[in-house]
Structures are given as C-alpha cells and as structure tokens.
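Report on one structure; see the data block that follows.
Per-chain residue numbering starts at 1, and chain names A, B, C, D, E and F are given in the order in which the chains are listed.
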Amino acid sequence: MKLITAIIRESQLDQVREALIEANITRITVSRVSGHGQQIREEIYRGRRVVPNLTPKIRLEIAVNDDFVDTTCQAIIDAAKTSQGTLGDGKIFITQLEECIRIRTEERGGKAI
Amino acid sequence: MKLITAIIRESQLDQVREALIEANITRITVSRVSGHGQQIREEIYRGRRVVPNLTPKIRLEIAVNDDFVDTTCQAIIDAAKTSQGTLGDGKIFITQLEECIRIRTEERGGKAI
Amino acid sequence: MKLITAIIRESQLDQVREALIEANITRITVSRVSGHGQQIREEIYRGRRVVPNLTPKIRLEIAVNDDFVDTTCQAIIDAAKTSQGTLGDGKIFITQLEECIRIRTEERGGKAI
Amino acid sequence: MLSGTSLLFGDDGVELDSGATAWMLTSTALVLLMIPGLAMFYGGLVRTKNVLGTMMHSFTAMGIMSVLWVICGYSMCFGGNVLGGWFGWNPEYVFLSGIDTSIMEGGVPEYVFSMFQGKFAIITPALIAGAFAERINFKSYCVFIALWGLLVYNPLCHWVWAEDGFLFNLGSNGAIDFAGGTVVHISAGVSGLVAALYLGARRGYPSDDMAPSNLVMTMIGAGLLWVGWFGFNAGSSITSGLSTAQALTATQAAAAAGALSWMIIEGLHQGKATALGLVSGILAGLVAITPAAGVVQPMGAMVLGLAASAVCYLAIILKNKWGYDDTLDAFGIHGVGGIVGALLLTFFIRDSWMEEAAAMAEGGTWTVLQQLGVQTVAVFIAIAYAALLTLVLLWILNKTMGLRASPQNEMRGLDNAYHGERGYGMLNPN
Amino acid sequence: MLSGTSLLFGDDGVELDSGATAWMLTSTALVLLMIPGLAMFYGGLVRTKNVLGTMMHSFTAMGIMSVLWVICGYSMCFGGNVLGGWFGWNPEYVFLSGIDTSIMEGGVPEYVFSMFQGKFAIITPALIAGAFAERINFKSYCVFIALWGLLVYNPLCHWVWAEDGFLFNLGSNGAIDFAGGTVVHISAGVSGLVAALYLGARRGYPSDDMAPSNLVMTMIGAGLLWVGWFGFNAGSSITSGLSTAQALTATQAAAAAGALSWMIIEGLHQGKATALGLVSGILAGLVAITPAAGVVQPMGAMVLGLAASAVCYLAIILKNKWGYDDTLDAFGIHGVGGIVGALLLTFFIRDSWMEEAAAMAEGGTWTVLQQLGVQTVAVFIAIAYAALLTLVLLWILNKTMGLRASPQNEMRGLDNAYHGERGYGMLNPN
Amino acid sequence: MLSGTSLLFGDDGVELDSGATAWMLTSTALVLLMIPGLAMFYGGLVRTKNVLGTMMHSFTAMGIMSVLWVICGYSMCFGGNVLGGWFGWNPEYVFLSGIDTSIMEGGVPEYVFSMFQGKFAIITPALIAGAFAERINFKSYCVFIALWGLLVYNPLCHWVWAEDGFLFNLGSNGAIDFAGGTVVHISAGVSGLVAALYLGARRGYPSDDMAPSNLVMTMIGAGLLWVGWFGFNAGSSITSGLSTAQALTATQAAAAAGALSWMIIEGLHQGKATALGLVSGILAGLVAITPAAGVVQPMGAMVLGLAASAVCYLAIILKNKWGYDDTLDAFGIHGVGGIVGALLLTFFIRDSWMEEAAAMAEGGTWTVLQQLGVQTVAVFIAIAYAALLTLVLLWILNKTMGLRASPQNEMRGLDNAYHGERGYGMLNPN
C-alpha cells in the first residue's frame, strides 16, 4: 500500500476530484495548506499584482493499493496541470504505507483502503 | 518508531482525546481536513438533508515508539467508532518513522517522541 | 529522498522561513495544526492565564534530497528554538520518500524535489 | 458646519417637519444598511470560493443603481406619465437638479424621499442575484442590473407608487403595496426564477452538496436585514407618526411570527430547527409584511408571517423536488413570500382603510373580495412584466456578452476568476 | 406608500410629536440591533462547534419573546395591577389590539413605546444564555425563556416601570432604574448565575481551556452593542429632548471610562491589555450606567464606568477562584455591573432630581442615604425574586424535559447536535 | 424611565426642536458605528496575526479619546480663543459640567452636539493607525493618539469649526469644510504619511506579499462606514432639514460615483475589478464629499467622487513605485481624497452659497478663484501643522518609549505580542 500526497492549486480541486472519481478513486482526504515554490504573480491588491509569499494550495492524501498508484498519479497530473504545465501546478509525494485500518470494522490491510 | 495518522469524525475528537490521554498518549497533533468516503446524509439545508461532497473530518498525527502502536490504535478505534461502527467513522494509516527530533533539546530517536 | 515534517510555534514561522531561505531551501508546504504536548501557559482570558488544551501550531512539510536533510533540520532547529529551548518548541519527524513527481513537467525523483 | 437652520420652508411654501425628516433620514440610512446585510446573508450561503463575488453583486448594485437613480431613475419612477404611462419623466428630476430646495407635502425635503426611494432601486436587483449566484459572469451581471433597473424596476415602481401610476389607481383606493411587495420582492423573485432557469444549474447541482461557507455571517446579515427593514417598512409611511408606528409594529410581529413558525415547522419535519431555517423564517415574514405593513394590525401581521413561512417552506421543498437551481431561493423566499403577503393581506385590512376605500368607490361600498381582485391583478401584472422583460434582457445579453461563467471559471470560483482575490486569507498561514 | 400624515392627534386628543416619535422609532431599531450584536459577542467567545447554537439563543429570543410580547407581554408589564400587583393586565393590550391609534402623553404613539419596550423583553433572556452556553438543550432553552419571560421579566418590569408598580413608587420619587439596571441586567445576571450553578460546569471545565472561536466577531459585537445602547438608554427617556441628551452623554462617558479602566487594570495585573478585556470594560460601563443614565452627569458617569470595570474584573477573578462555570460571565458583567450601577448611582444624582424627590417626600427632605436605601431594597427584591423563580423553573424543566445536553451532544457541539449545521463551512475545503 | 418631557426650553430660553434633536442623536449613533466599521475595514486588510491589534487601534481610541473629550477636548475645540487662538478654552466645558441643560440655537441640546463632535475626535486618530499598522508598539500608540488628539486635532478643529477659529473666518464666508475634510481626513492622512515614513516599512515589505486576512470583513466594514457616513455628513448640518437633505444626497451620489469609477478604472487597468477596489472607491468618494457635502449639488458630488477615485488610484500606484509603506493607505485615500475634495469643491458650489459669500465680502463680489485661494490656504495649513506636530510627537515618543515593535514582536504578530490573544480561534480545532 502507498500513501500518495499531492499538493495542487486550489482552483484545480474540482477538476482533480472529478478526474479521480472517473478513475474510480473515491476515497480521499483533503486539506488547506500554503506553499512556497517557484510560482509568482497571483493576486491583485489595490491595483498592484503581488506575489503572495505563501500561496494557498490544496493537499490531497490518498491511500491506495500498490496497483492503483499509477492510475491515481496520472489522473491527478492530468487534471491538475494548467495549460501544458505552469509554475505552481504542484507536486506529488509517494510514501510507503505499512498498515491501514478501517475504524468502523477494524479491518486491516489492503481491503481497508 | 511509527507515525500513526488517523482520520476521524469531528464529533468524536473530544472522545478520542480523552481515550488517548487515558492510554497515556498525550502528545498529538490535530488538524482540520475534509474527506470523501462512503459516508452519506449529514446536514440539513433549508429543509433538505444533503450529502456534503467533502465531509469535514479531523486528522490526528501521533508519533509513537513501536511498542505503543497497538495501544494507540485500539484507543482510537474504541473512541472513534460510533454505535458499533457506521459509515464515515474513519481510517488509521501507519507509516514508518525514520527519525524524530525534539527541537527544544535536539534529542533524537525514541526518547524524543 | 526524505520527507521532513516539522511542528513549530506559530510565532516562529517567519523566523523559520527566513532561515530556510537562507539555507537555500525554498520549497515548502505549510499548514495550520493544533498540538498537545508538554507546553503550558499561553494566553489570557478575562484576567486569567489559561492552558489551551490544543495549542495552535504550524506544520511544515519539506521534501528534500538525502544530502539536504541535515542542513534543513539544523536550520529549523536554530530558528524554531526560543531562548535556549522552552517547552512547546516542537518536533521534527523524518520519513522515507519513495517518489516525488513535479506535476508541471511530470519529472520524477530527486530532480523533481 | 453650523448653518442653514433657517430653511424651514421649501420653495413652494410647505413647512418643514423636522421630526418626519429625521425619521426619513434615518430610514434612508437603515435601508442602506440592508445592502451590506444582504451581502452578508447571501455571501455566507455560497461556497468559500464565491464569497467575494457574491457580495460584489450587492455592493456593485450600490454603485451602479445609485448613479443611475440620480441620473434618470428618480425621473422615470416619479415623473409624470410618458409613453402612455409606461414610465414617468420629469426633466427637473434628471440629476435631481430641480429639487434642491423642494419640500414635499408631509414636510419632508424631496431629496430625502428621493434618496430613500433610491435605496429600493439598489436592493431589488441585488436580491435577484441570489437566484443565479455562483455561476454568472461579473461584467454581464453589471450590465444586466443596469438594464433591468431601467426597464423593469423603474416602470413597475412608477405604476405602483407614482400618483398617476395605473396600479396606484386600480380599484377604489389602489392596489395595496405599502413598501414594495410587488415592486421589490415579487419582481425580484420572479426575475430571479427566470434567470435561474435560463442560466441552468450550477455545475454538480444537485448531486454535489454545496455547503454554506459561513452561516454565522448569514445570521448576522439576517439580523441587519431585520433592523434595516424597519426603515424599509416604517419609512415607507414618509412621515413619523401613527402610520409609521403601525408599520413598525406590523413588521416586528410578522418577522417574529415567521421566525418562530419556520423553526417549529422544520423541527416537526426534520427533527431539528436549523439556524438557516430560523433566519429564512425571519425573511419570509419580513417579505410578506412588506406590502401589508400599512394596513394590517399586529394579529394580522402575525398570521401573515406564519403563512409566509409555511408556504415558503413548501415552495423550497418543491424546488428541491423539481430540481431547478435557484441558488439562494430568491424566488422561494422573495417571490413566494411577496405573493403570499400581497394576496393574504386583503383579509386583515384595518377597518378604517376599508371605509375610506368604500367612500371613494362608486356606489359607496368596497368588499374584501373586490380588493382581492385588485391585488391579484397587480400581482399578476408584476409577475408577467418582470418575467417577460427579464427573459428578453437575458436573451440579448447571452447573445452579445455571454451570461454564464465558463466551466473553468465556475470551478475556480468567482473570486479568483473575476476579482483576483480571496475572501478569507486567514484560512491559510500567512 | 404616501399616506396618513393627517393623523396628527391620537384618539385621546394628544398631539403627536414627530421628533420624539422619530427618535423612539430609531431607538427601537437600535435596541433590536443589540440582539445580533449580542449574538456576535457571545458567539465569538464559545468554541467553534457551538457558535450557531449560541447565536441561536439570541435569535430564538427574537422570535419567541416578540410573539409573547404582542400576545400578552405588554399587557402583563404595563396593564393595571392584578393579583395584588404581581403583574399587570389590560385586555386592550392583548395582541396590542386596543392601541392602534393611541398616542402617549409625550406625543409618541403607544405602539412605538410598546415595540421599544418589547425589545427589552427579548434581550434580557438572551443575556442569561451566556451563563449556561455550550451545554444546554435547545428545546428546553426555548421553553425556559418563554416561561422566564412570563414569570420573571414581566412582573419585574411591571413593578419597576408601570405607574402602579410598587418599586416605581418606593420611597419619595421611586427606585431609580432608568433603562433597566434591575429589570434587565441584575435579573438576567442573577438568573444566569443560578442556572450556571444548577446545570453544573461544562465537561472539562476548568482544567481544559476553552479558547474563544472568534474574538474578532466578539469585538464587532461589542461595537454594535455600544451603538445599540444609545437606543437602550437614550431611548428610555421616551422623548427627544434634554433628558435624552443627558442619557446619551452619560452612556458614552461611562462606556469609554469602563473600557479605558479595564484596559489599565488588566495591563497592570497581567502585563497585557487584551481585546476581550477592553470590550468587557465597555460592557461593564454600559451596564452600570443603564439604571443611572437619567440622573447622573458626565463626571459621575465616568466614575460609574470605572467602578464597574474594577468590580467586575474582581468578580471574574473570584469566579475563577471559586470555580463555578458562568460560561460568558453573564453574572460577572451584567449581574455585578448592574448592582454596582444601581447602588453607586445614588452618590451622583443630579441636584434637580434630589430637589424634586425632596418636594415629593413627606417632610420635604430626601437624602442620598434614603435613596440608597430605596435602591438597595429594589436591588435586593430583584435578586431574590429572579433567583427564586429561576430555580423553580429550572427544577421543573429538569424533571420534565431535561435541561442539560447529553455528554455526547456536548462533545459533538450544539451546532451539530441540535441544528444539524456548522458555523464556518469555509474552514474546510469545499 | 418615563420622565422629563417637560424640559422644552433650555436655560437660555431657546426652544427645543425635537426633530432636529432626533436626527442629531441618530447621527451620533451613526458616527459611532463608523468606529467598529473602521476596525473591520482595517482589520480585514492586515495579516491574521495582527487582526486584533489593528482593531484595538480603533477600539482603544473609543476609550481614550472619549474620556479626553469629556475632560477637556470639547473645551479646547469649542471654547473661546486662548493663547492667541491656538486652541479654545471654556472652564464650563471641562467635564461638560456647564451644559447640562443648555440648548443650542438650532434647538438641539448642546450635549448632543458635544457628543456628535466627540465622535470625530475618536475616528481621526483611528484613521491614522492605518498608516503604521502591523508594526507599532501598543502602549506607544495609546500615548501617541492621546497627545495627537490634544495637540493636533483639538487646535485644528477649533480653527475650522469654532466661531472664532481663524479658518472659520478666512475669506468672505470662511474656508469650507462641512464635515471634516481638513480637520479629519487631511490631518489624519498627512499624519499617517509622516508616521509611516518615520517608522519605516514593515519587515519584508515590499518583497513579501502581505495578503489581507479577511476581505469579507473589509467589505462589511466599508458598508458600515457608508451607512455611518450619513451621520457624519448629514449630521454635520446640526439640524434636520433641507441642508441635512442636501448633505445626505451629496454623500450618496459621491460614494456611488467613487465606487463605480474605481471599479471601471481598475477594470481597464488590471482587467479585473476587485472587491477591495470597489470599497476603496466608496471610501475615496466619501472622503472627497466630506468637506463639500453642504455646498455641492448631486452632479457636482458625482464629479467629486469620480475625481477622488481617479486621483487616489494614481496616488497608490505612485506609493507602490516609491516604495514607502503606508500600510492601509491612510494617506493614499484619506489624505489625497480629502485634498481633492477640499479643493475641487470650489467649482461646484451652490449659487446661493456664493451669493451669500458675495454679500458678506468687501466689495460685494466673491469669485470661485477667491474661494479656491481660501481653500488652498486651509488645506496647506492643515497639512503643515499636522505634519510638523506629528513629527515632533513621534520623535519624542521614539526617544522615550520607543515606537516600533521589536522585530521579534513584529514576526509573532501584534495579537500575541501585545494582547496575548488570537483573533480567529476557529482556525484551529478546539
């Protein structure tokens, strides 16, 4: 099992969710984060375009079984990329997941994902 | 050392915290997340019961030494489960923790947990 | 590649960010969390000093290549520590990062960090 | 700063009533307070990414409609009949240039009356915006409300409130619309319904839930609306006397009854009384009493509030069944509530009013049913006119500028897409 | 819309004063503004999961108490003595049916007076809610405030403000309670204290800290309360003249002095002046000046504000020591502040009032100490009556419906448990 | 509670005008509403960690300035010339002790006038705070505004509005400053600019972006400011009549025109019309009409609003170019807008005013250019005096207490550093 953590643009959240659902990945956890990367020029403040030093981003956490990793990543990449890829589109991090427990049933492992 | 990440219902936070404290697990980190899983029917909007597409959840992160993993998980499961387990009760994810540092003292490893 | 997760005081965020930038670590992800640890005495409520049961904290996530781990941790420790270290200064957790993908370019691995 | 207390008589020799003027000034301020109140009410109900865009719908109306009002709105509403009474016109009213020192019959400077009325012209299009929130193009919205104000609001206002308006003179003593049941609420609600149908539902509606971003703000907004409504209704007496007191009392009674009944109905139906339900009930009560505040007594006002809550509750259940997307229930509350009020008031009219009407009627009698007929005609005309003109305007704008946000902009949210800002920066560490 | 300016005289031939009417209409609106203000003040201080539930305590009071007021509240408060003066009654006041065109002596329509007074009946139970916030069952709360209004507020109001009320006629010139020190603040504060003790502390209190969810909103609420208090106090002159001006000035002076002194006291005691402290000081000052606004001059008002802040600050320290859980310090601020104001005012009464009292007294003299006696009696009666009746009501409700939220509901939070909603949807991505 | 309607005449035999009094009471409440409005406006624009600290700048002013006003502020502003007219003094005004029953010429109790004016003394220093937000030491701020009020505001107010003030008597009919263009906005804006330059930029400015924490709150604050401004401007007529109506109308027209033009300018320049832009335009319009509200007609008011938006927009672009850190554009909006209004109004003065001025002038003629000269002198004096005294005050405070927050406190945020609190507890699970 793997834990996929993706940092994407706030504006792409709906698109990514729709793409994941289409790829049959329906269980996800989402949170608000702020990021700093290479991105610049975002908002307008009293007639001036400014660089927010921490840009609001969305963080997705998805626990998947090993054979779903590629589909998931590809779905995210396709939906999160803006016009052929622009600075600030985000990152995906993958880590090893040792155990997964469904609280409701106390099932463990792959079938609890 | 392991890093335990649990996604639970907002309404169970107090109960889970009390259970953890009872099990002597006092150091935790909590954050607001939204989740999408199998859960349905949650809130009322102008006389209609609706399915929030992203349900607010609480995410717990607990770094523990290996021999505490089971106690911790069990405490969470017992307190987070609602009436024999209902959809939306949440998940626990366990990953390997390579290193832990206490900033105050710069201690490392198990004694820094 | 490693994923460094640091829990620090809210009040040290600016200082830590400046330290990281100085150490050439410019890509980070930040989020609001609440923590419970050994810390006490924080705020004032109608003339009484109280112990917030969950103290607001900041969580940093930084994906780095292996040879940057030490610099990063040291930069965080130096900037996050308050007056020789006081309770509540925080923790750093390090986990193994299996894969990293830059969404914009679909690059993978170390160069995508 | 210390000046001008000598101006106690207008050009035409009418004596100033400083008390009536004081209350009308206050009412003007109170009705203006309703605009931020509405912005809060609506803004709290949409998703986080659309909060500024939605509030801008109200705030922009403050800019656009006020400017138009000064230029020509007051003239179109309260000038003498032109084009067969379609609307009014009076060159002296253009830029309000001719009323600088004029005092109206009741002792109130005409400027104050004009400004008070101008606030109604702001809030009406702002109400419509609730129906198509979260999916309209900002520029098109601006053009739409400007045109809608000129072509729908101003004529309707003229018909109902100008002394030579044809609805003002319908039946024996006119169609009763004390403070804007037809002019404001029915016209806004119906136009909203048409627009919601024309634009289509939001992406993902109704399968996805679109939870309110800030119900706390919605509640505060409702509180400000209630306070402001005292200006709206009691101010519509254009004096500071018994009729003002009657309107204020009716307003309070109806709002409270509406709130309480919605709470009870929802409690029985769903097992829980929601905050949004309570404030919806407040609004339903306030809307229903708007046309009636001048003619009903407290008990009647309470019945109106109760009935409005019940019918609006039902209307929203039906909406959910039928599945069209009137985002914030502009029709469900303002349209339906306004209709309930305008018709039902007939059964609770103060005797003195009916006597007056009888005295003015041919034959010297005037019955409740006759007045009901008049009310029905007025309501029907408002519905038909507003629906038709709105449809034409939408059609034209859609062909020329495009009305609806692109799917991409809808997903990004209006705040980012049209204003380049975010409402709640605090949500992210900064 | 344009109507009724002819009604310049009431049935009883009293001439209307349009200016006094204007200010009383405005005051009514301002006091209504205090309800959302209070909802914000309280709502910001509770935990996130209870924000809507806490605001609903104020908003529900707007529905329930207003409806009761129209039905029988006004009659019970301002009708003639019945049951030996326990409360008042006047069948003409039921549903306010007999005052449709009545104008009071000062030239103000009785409707306006009634609506103004009705707002006090809303805010008083809403104040109590602060004492048992975060742990009361919503349905029981609704029943409680209805009964409390009928059995505690209405009698107290009758005793103090009706012309045949026994406290109104105590001593030479009556117990002084200009705008509700005893009727509103002491009765609410004491009832709150009793309820807090009866219900017990919140789960986890005091070991867990329960940090305020939105101090920003609390500050804004305090701002609205200050503004609304001008209506509360200056409106209690029931005119628009010198006495109104005096009340307004005293209000401003006391609030400012209260704010400043709390800030300084806390700064000296804790090293930091908090925002919550400043706004608590504003409230303490406003509460203390409420009974006194009609009789003290600016310097006295400032002393009252200062004293109220100091004593309330102390009271809250004591509360923390004793460990009972008056969640939002309904007693600590309103009870204590009200008592300070009602007693201390005696030393700052305007000479003209004392002369008047002397003229009315047997023997032609009247001293500060005699008035202090009168004030003490009135305060004591209010405390005893409110405490006793509240206890009885709570006991009955506890036996029948249950008062306290179940531990599970308390942990989930009132918003979810009783209203099925969340206050700040924006906190979660949506 | 029921009392005192007999006081229809003051000591000096002037008859009370209950209507004018009603409006002035209302205006006083409305101007007070501007303080929480301003706190919201400013508080929404700073970073999350500074929200309470920034709101405290406004709220503390309510405490400090009100207390000072009662003690000696009113005396310094409206007493007779002392020290060669530097400021005024009247021992009867100390603690307002001598005006307990005095009624002014227009029939308004002097207390009301004093309280109304006192609100201006609160808001002016609160406006300055925008310029050095996010980096000032709280204690020093408190001392600064107290001294600034005594040494800058009170003299300026005396010069412009007291009957023997030298600017009040400049030229033929005085320098025109209806409601505080020079006294309030120019003086605050210029002092803010000086303070911003003296204190230096915030840490990280301008390379880091400091995004607003809550634009939603900023919008609501702007809404409340607009509503309150009716009291500010229309109240400055100190009556309730034609001149009041004229001021209200001008205010509405200018604010709307300002809003609309900023929106259009920004739309053309940046491609998007922001919410902050719209509300900045509202403010620019309101500021510009402040000195002019008594003398211009609606069309002139609209031109003033438009011009103010355009010039302020430009001023902020220049600020960004020059790189000084006027955090919330106290100078860019209030300073610049005030100057635009005070000068430009000359070209739109009502004929009747010019005739009056001509009648009073030597030689019987008075031209626009002569008045422009008078206005320019007044503006220049306000700028020079405010700038100089502010600089002196800052220098002294910096040497004694230190003005600027330590880098560490600036990074922690004012809320934590000076108040030990956090604004939005809800952001964290609790």
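The criterion applied here is as follows: a contact is a pair of C-beta atoms (placed from the backbone, for glycine too) under 8 Å apart; a residue touches a chain by one contact, two chains touch by 3 or more.
If you're wondering where the values come from, they're calculated on a predicted model, not measured in any experiment.
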Chain D and chain B - chains in contact with each
A, C, E, F
Thinking of A-D, which of B-F, B-E or C-D forms a repeat of its interface, with over half the contact pairs identical?
B-E
Please tell me whether the contact surfaces of chain D and chain F are same or different in residue numbering, using the over-half criterion.
different
Out of C-D and A-D, which chain pair has the most contact pairs?
A-D
Would you mind pulling out the distance in Å between where the CA atoms of chain A average out and where those of chain E do?
51
Where the CA atoms of chain C average out and where those of chain F average out, how many Å apart are those spots?
44
Approximately how many whole Å separate the CA-defined centres of chain A and chain C?
20
Two or more other chains are touched by the chain A residues 10, 13, 30-34, 43-44, 52-54, 95-96
Within chain F, the set of residues that touch 2 or more other chains is 17-20, 22-23, 26, 51, 204, 211-212, 214, 240, 270, 272, 274, 276, 419-424, 427-430
Note: in the complex, chain C contacts chain F through residues 10-15, 32-34, 43-44, 52-54, 56
For the complex, give me every residue of chain A touching chain C.
2, 6-8, 31-38, 53-54, 57, 59, 73, 76-77, 80-81, 85-96
Residues of chain B touching chain F in the complex:
10, 13, 30-32, 58
Given the complex, residues on chain F that touch chain B span 428-429
Listed in rising order, chain D residues that touch chain F in their complex are 1-5, 7-8, 10, 16-23, 25-26, 28-29, 32-33, 35-36, 39-40, 43, 51-52, 55-56, 59-60, 62-67, 70, 95-97, 100-101, 103, 109-112, 114-115, 118, 138, 214, 217, 240, 415, 418-427, 429-430
